[in-house]
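Both of the next two complexes hold chain A, though its partner changes from chain B to chain C.
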Partner chain A sequence: MHVPEGFLDVPTSLATGAIAAAGVGLALRGARRELDDRTAPMAGLVATFVFAAQMINFPVGAGTSGHLLGGALAAVLVGPWSAVLCISVVLLVQALFMADGGITALGTNVTLMALVGAGIGWLVFAGLRRVLPRSTPSIVAAAAVAGFVSVLAAATTFTALFSLGGTLPVDPAKVLVAMVGWHTLIALGEAAITGLVVASVIGVRPDLVYGAAPVLQARELEIRLPDSQVVR
Partner chain B sequence: MGAGHGHRLHFHAHSPIHRAPAHLKIVALVVFMLVVVATPRQAYAVFAVEAAALVGVVLLSRVPAPYLAKRMVIEVPFAVFAVLVPFVAYGPRIDVLGVSVSEPGLLAAGALLIKGTLGVLASLTLAATTEPQDVLRGLERLRMPDLIVQIMGFMIRYLDVVTAELARMMVAMRSRGCEPRSPQHWPTLARAMGSLFIRSYERGERVHLAMLSRGYDGRLP
Partner chain C sequence: MNRRTFFAIGVLLTLLLAGVASYYASSHPDGLEYVAGQTGFGDSAEDSATDDSPLADYQTEGVEDERLSGALAGLAGVGLVALLGGALFWTLGRRSRAEEPGTDQDDG
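This part shows the complex of A and B:
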């Protein structure tokens, strides 16, 4: 769900725009650490992947559908700063070329989906990774929970912005109930798909999952001989 | 890769709007949208002027109306939401066609719909009259950080390549009796998306190496 034009008033839109610009500025520095001089082509292709992933709709109920936000997924796969950068570019391209999400709401959308979505997603993931045992299943579980929390965090932040500068005469408490209720369903889909995708990438190319790096360092080479003897 | 380098939203034509410098068009779009969003919700005369100005630009750009109308379907989910607002908003109730709705809710929803429609039409007009490469150059002139412009450039370049790859995966899944939308088949969908990520990432690595071998030093010429 992209926030469209005219949903929030001008001061709120400008304020979120400033927050988004500051956040993206930090992400520009951070992404160079994560991806070094490969940043432009790699982030470009990952942004394209996120865009493609967002095209897949899943039924939420009552004949409507939601789509993946992808903030937590991108953060686990390529690291938090690159994820913020990728999601921001996806939103920028969607607003400028596809009229998906308002031009004046771009700052709001970047704040919600890139900063809150990927940022909170990463914090939850990194926190859980520290607590859970060091194994790949815990990476998958942490990614799924991060996906769930990131969607609800974005929905809650939207409600907070709406109560500050919403243009509709609707009670913010009602908006909160509707947003959280609705997004709990979307968050369940997001959690399932985030976990499953991370699991499938770990299964094939574990070295590509940024969030799994600390777990993988603990593995050592095993050579299994035909008589089931294991040489380390 | 023989795929087209343009994007499907660009409409090729020759008009003053097509020829206008991209950075001016981007600034005009942002200023126009700020004015539209700042317009009070019942200033219908101002909305009429704004709509007339926008329609004037569309006519001048010679982009056919059906072309834009088809692409405005992106607005539909949002329009459905706007229609629901009068029913849940607070304030005095009035009867419209025998249904009780909130009066301020109705006015706000109307304004939201007008602003949203103007926004979608204005953005689509920019996209229809400006080549993506020109939009990127315009953003560059507006001091958008170089790295962001480069990432956008790569995203636009590979958008059709990656989405076509996804579309082929979906066809392959469906032809094997798998419905990607159904939660029952999510594990299969997730494996497809996982491999789409790996393919995209590896394509990025190959592109980077190809660029290095052609003298890339962190900046595009």
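This part shows the complex of A and C:
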């Protein structure tokens, strides 16, 4: 999903640059509420894990591949604001050192994968968490669905940007159909990886999963009486 | 599982992904590249300004062996993200601690 130099024109790139800068600025403030000495190392680990996982392109058929975007995963593990920072750090290193994603497209890529990816991912996760029963399987399922939706949201947002400022005159409707089509397959991979990683971390250290905190609190407050009546 | 074990496994897994598994990743274009080619705007892509970076395209400049070259670039990238992310999150975590009233103040 890394947008290279040249796909979008200068005004659009400047606009996404401004959006990205504002979003990262907000995230720098918001992340302070999420981070403490227990979660700061987790945020660092999540950023490096997402970088490594993004190197693993998986085939989705017909000569196309996809890789984890990681925004929803990071949001569930360390909180939405810290997730924006995690993905932004990954994108910065990729653009500066690996020539993956253009320098002038960095704002676009931060907007797509950090702001939309982690932001929409978190909103979907938090919404599902509210309606699903309070249990760890619900957290895993909500995370997987959030991963799925986040990829489609990023793909759709790219198409919107392309329709505003694509440098070549290609019918945006054609781009939308192709983007959503291929990214539905990639989103299935995103959902699988997001669900698997969240399930694994919840399995061993549920306290390190930011998004599972309400479920864990509910569990701690449970009092089991001898005759197996449960009082909350 | 204690904290130290958890982080050790996490770091090990990350290093294995970047240093070993990455060699076996699909080399097909990703969804966006493919769509760009298919719908006709792929040619608008220009070379990145960082194309001459020693780690460009996840290959290490001057290392002939493709597997080693990719592994070194992946590990270097992980190191850079850890350095940058580590510094950022440590600073933010520290500041949020100092701002909270009634918690341990960092007199540093």
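Heads up, the rule we're going with is that the second predicted complex is superposed on the first by the 208 of 232 C-alpha atoms of A that agree within 3 Å, B and C clash if a C-alpha of one lies under 4 Å from a C-alpha of the other, contacts with A are read in each partner's own complex, and residues count from 1 in each chain.
The rule is simple: a contact is a pair of C-beta atoms (placed from the backbone, for glycine too) under 8 Å apart; a residue touches a chain by one contact, two chains touch by 3 or more.
Nothing here was measured: the structure is a model prediction, and the numbers come from that model.
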So, after the overlay on chain A, do chain B and chain C clash or fit? They clash
Tell me which partner A:R205 touches in the superposition: chain B (first), chain C (second), both or neither.
both
According to the stated criteria, A:I186 is in contact with first (chain B), second (chain C), both, or neither; which is it?
second
Which of the two partners, first being chain B and second being chain C, lies in contact with A:L91: first, second, both, or neither?
neither
In the overlay, answer first, second, both or neither for which of chain B and chain C A:H67 touches.
second
First (chain B), second (chain C), both or neither touched by A:A83:
neither
Determine, under the contact definition given at the top, whether A:A20 touches first (chain B), second (chain C), both, or neither.
neither
I'd like to know which partner A:I56 touches here: chain B for first, chain C for second, both or neither.
both
Check the residue A:A99 against both partner chains and state whether it touches chain B (first), chain C (second), both, or neither.
both
After lining up the shared chain so the two structures overlap, which partner does A:V10 touch, if you call chain B first and chain C second: first, second, both or neither?
first
Shared chain A surface residues [contacts with chain B and with chain C]:
1, 4-7, 28, 31, 37, 39-41, 43-45, 47-49, 51-53, 55-59, 65, 85-86, 89-90, 92-93, 95-100, 102-104, 167-168, 170-171, 174, 178, 204-205, 208
Please give the residue numbers of chain A that touch chain C in the complex, ascending.
1-7, 28, 31-33, 35-37, 39-41, 43-45, 47-49, 51-53, 55-60, 63-67, 82, 85-86, 89-90, 92-104, 155, 158, 162, 166-168, 170-171, 174-175, 178-179, 182-183, 185-186, 204-205, 208
If we count contacts the way the header does, which residues on chain A are in touch with chain B in the complex?
1, 4-7, 9-10, 13, 24-25, 28, 31, 37-49, 51-53, 55-59, 65, 77, 85-86, 88-90, 92-93, 95-100, 102-104, 167-171, 174, 178, 189, 192-193, 196-201, 203-205, 208
State the interface residues of chain B toward chain A in the complex, per the touch definition above.
7, 9, 26, 29-30, 33-34, 36-38, 41, 71-72, 74-75, 77-78, 85, 88-91, 102, 104-105, 108-109, 111-112, 114-116, 118-124, 126-127, 132, 135, 145, 147-148, 150-159, 161-163, 165-166, 180-183, 186-187, 189-191, 193-198, 200-201, 203-205, 207-208, 211, 218, 220
In the complex, the residues of chain C that touch chain A are 1, 3, 6-7, 10-11, 13-15, 17-18, 21-22, 25-32, 34-36, 38-41, 43-51, 53, 55-58, 73-74, 76-78, 80-82, 84-86, 88-90, 92-97, 99
